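Letters are used for the chains, namely A, B and C, taken in the order the chains are written, and counting of residues starts over at 1 for each.
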Amino acid sequence: MTEEEIEKRTLELLAEVCDDEVVYEERDIDLFEAGLLDSMAAIEVLVGIEEAFGVEIAPTEVEREEMNSVNKIIHQIVVRALA
Amino acid sequence: MSFYLQPSFFILLAVAVVPAAVLGFAGRRIKYYGFVASLFFLSMLFGRDLQGFLAFLFFVVLAFGVTRWELASWKRGQKSMAKFYVSLAAVIAPLVIYKVGAVFDENLLGFIGISYITFKAVQVVLEIRDGLIKELSAFDYLYFLLFFAPFTSGPIDRSRRFSEDANRTYTAPEYADLLSRGILLLLAGACYQMVFGTICHHFYTPEAFSADHSLLYNMAAAWKDAFAYGFYLFFDFAGYSLMAMGASYCFGIRTPRNFRAPFIAKDVKEFWDRWHMTLSFWLRDFVFMRFVRSATRHKWFKSRLTCACVGYIIDFGLMGVWHGITVDYIVYGFFYGFLLAATDIYQKKCPFHKKHKKDTWYKLVCWAVTINLVMFAMSIFSGQAHIIVAGLIHG
Amino acid sequence: MGKAKLCSNAGAPRGDRLPLVRLGFVLGACVLCAVGLVGFKLFGNAQDASATSAADPYEGLFAPAQPSGDPGQVNDEGRYGRSKDDDSRSQRRHHGSRPDESSPRGRLLAQFYDRPFYVYPQVGDIGDIEVLATMINSRQDAGDNPRLLMGSSELSYIDPMASHPSRFFGEHNYGIDTVQVGKAGYQSLWQAMELGALDQADAVPDRKVALIVGMQWFMGDGCTTESFLNSFSEDAYRRFMENPRISEQSKEVLRSRALELGKGETELNALAPRTLSERIDAGFEDFVSREQDEGAVEQALQDNVAIPEGRFADRAVPDWDEEFARARAEGARACTTNDAGVYDEYFEEYYKPWLEGAQSQEKPERFVDWSQKELEDFKLFLQVCREVGVEPLIVIMPVKASYYDYTAYDRESRQLYYDLVRGACDELGVDYADYSGFEDDTYFMRDVMHLGWEGWLHVNRDLMEFFEAGEQP
């Protein structure tokens, strides 16, 4: 799996969970502040990540600041998937 | 002695903070002294209640034992799921027995703080299994369970975060910052609970619908009582939480907050991000998460949305039952469960919402609807709704 | 996603002095508030206390204490007109008589010693044991010879008859005076608590007490929650529990009875603290509620009345024949509308209407279940007396037979009650004055249940004998 693939599938996942295509454009906004994600949706994202990439990230493993934008999420997955 | 209520607690707390402050300013670890202070305060807490104290001892010994057992298995690499399940059942058992016993008016294994200490013990067992806790010394574990400040009613902390704080040292400016915040939090909490909470409680006069008044009057009065109770509960519980945070800060532990202006929430999902946050997050991280993950792995549901909705219902249903196995609490829990599910469906599927969700007027309407739903839920929780419904049935 | 940290590390440690300065302000503010509150408490009270200016009931009654060159009038020793043959000062010194005048409260209480007083209308209204004890001790110091008379509603009066102890002993000098402790609704349990408390405050003169027991106490199931909670004196409970002479067992009995009758455990723990936190809470409460304590003393001073002039006469012995004749006449004057010996107002309002109904109705079932709980409370009183070394006299009051014979409490029923009380006294080796034989006497009781014109005379005579009024130290 390459970084591009990870990026593509992550965007699909996020668009579905956030129910908003804006994630494709705004890669660095805080998704929680923007109201696109809330705590429960975040769980769905983590589960979706596990399903799509086989990467397990526990909800208490990572600080919110480290996973609150599209690019940061992609980064966390890449770091674990390609490690 | 009740914590945060009687003068003796505050006087003893003030005295107890002095050595903590000395250690803090000196750049030393406070945890060893904090542990001793906690033992002292817990002995004061149980006072003349011998039965409660024994139940508490039993729980601590049990939780400690199974946790070490499980941790040993994981450290060895054995990772026995059987041991995990046994440990989990063991730490949950006392609370379940107590809650079930309460239905029959029996006090079995109950002690003050049992509900909250169970959360902590369960969290450790789960995170060991998840591999997030690879190491936990006996002392750190016990300190986490027994730290007196949030012992009686939370906020519910997490062991890794707690131990990190417990094991660190602060520079003098850092500790000064903590101590002043701690004192201010204690004062603010005391003000919330003793002044505002009492005032609001004064306005809470629940009663059944009376035939002497019109239906409109009865409903307006009930509405008033629901709001009064909601604000009373907020000030009372938020006040307590602030004081618990304040006392923690003085001991170098930055116990997380429980409330973040809950009544400005624009929907119930946001409400639970602002109200009793540590409880809601705990349930989210350990119940909702696990359910959604299992459901997704085994493909129980066709859509992610359905899965999330069922997750909400289970998550909040459990919350209701955790409060107590009574009609009021169970209805309360499932009410929120269904409400959250409905909110999620509405937000994801309704075009009207998507179109207007950035409009100010729409946000105001959402806020108004939300706060009324929340206060209605409060009336279930307080038993007011029960009184009214019973009155209507029998009247 | 985890929770965002509240106190993020990125913010605080700038390594500068600002947090320390801020902490300094916070601590300073706290200390100032605390000092202010404490100071206000301590010094504010002192101001209030010294500003007390009650009307002086002693105005013009006697000259302020001077070295007296004129025996027979007021002198330092016997303000109450004791003959100069007697030993000047009562040698029966009691512990800690004069209050410590370093506190505002002490200064107030000391005023009682300078001007011993009667409290009118009712001593029973004084809930503060220290005030009561000071009153008793100051009068004892001045030679008034007060003796403890405990009871309930019969002690209360609005316009007392001549034979009522407040007038009989109060307006004459028959050697002793009475301090009447108790009000309507105060039953055995209250009496036991009060006695234990008075003993703790060293306020039981001559180590003797007379208790007038009422039949009504034993009706129903004894003391009701309502009357107990109404009559409950925190001060008395606290002192009872602090009394070293009372056994742990008796204290436990009182505590469990109080809980049974509706007192909250937290409140009882606060009054009789055992654990460290309870002690701190109690101490804090004391500090905070000090202001009210002086209020009780000030109120008592306000209620102060001048001592009746009769107390300054030479000591006399009552002419019982004359007293009984006078009592009978007074009774006859008060009961013009009936032959039962019930005073007119009562007769009109209660007795006559009842009489009209009762004689036509069927007599109700005889009451035989005199309250065992009240009996246990009564035995507690006797037990406490024994433990602290006080000799009691139980005055067994009768009732008006002409009324009660028509109720569930008929003659046989009442005999059961009398036997019960006498039996308890015998069991614990206590003396009693049994007036059950006077049920049919016209003027013994002034209405259906309260001592009257002749009744009080009988009681007074026995009190004088019990308290050895004739034999003075």
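Definition applied: a contact is a pair of C-beta atoms (placed from the backbone, for glycine too) under 8 Å apart; a residue touches a chain by one contact, two chains touch by 3 or more.
Please read these numbers as outputs of a predicted model, since none were measured by experiment.
Colleague: Relative to subunit B, which chain has the most distant C-alpha mean position?
Modeller: C
Colleague: If I average the Cα coordinates per chain and compare with the overall Cα mean, which chain comes out closest?
Modeller: B
Colleague: State, to the nearest whole Å, the distance from the C-alpha centre of subunit B to the C-alpha centre of subunit C.
Modeller: 51
Colleague: Roughly how far is subunit A from subunit C, going centre to centre by Cα mean, in whole Å?
Modeller: 79
Colleague: What whole-number Å value describes the gap between the mean CA coordinates of subunit A and subunit B?
Modeller: 28
Colleague: For subunit A, what residues touch not just one other chain but two or more?
Modeller: In subunit A, 39, 46, 59-61 touch at least two other chains.
Colleague: Would you please write down the residue numbers of subunit B that are in contact with two or more other chains?
Modeller: 281
Colleague: What are the residues of subunit C that contact at least two other chains?
Modeller: Expected reply: 3, 5.
Colleague: Quick one: which bits of subunit A touch subunit B in the complex? Just the residue numbers, please.
Modeller: Counting only subunit A, the residues touching subunit B are 16-17, 19, 35, 38-41, 43-44, 46-48, 50-51, 58-61.
Colleague: Note which residues of subunit B are touching subunit C in the complex, please.
Modeller: Counting only subunit B, the residues touching subunit C are 1, 6-9, 11-12, 44, 47-48, 171-174, 176-181, 183-184, 254, 256-257, 277, 281.
Colleague: Can you list the subunit B residues touching subunit A in their complex?
Modeller: So the residues of subunit B touching subunit A come out as 127, 130, 132, 158, 160, 269-270, 272-273, 280-281, 284-285, 288-289, 292-293, 296-297, 304, 307-308, 311-312, 340, 344, 347-348, 354, 357.
Colleague: Write out the stretch or stretches of subunit C touching subunit B in their complex.
Modeller: Contacts found on subunit C: 3, 5-7, 12-20, 22-23, 25-27, 30, 269, 274-281, 284-285.
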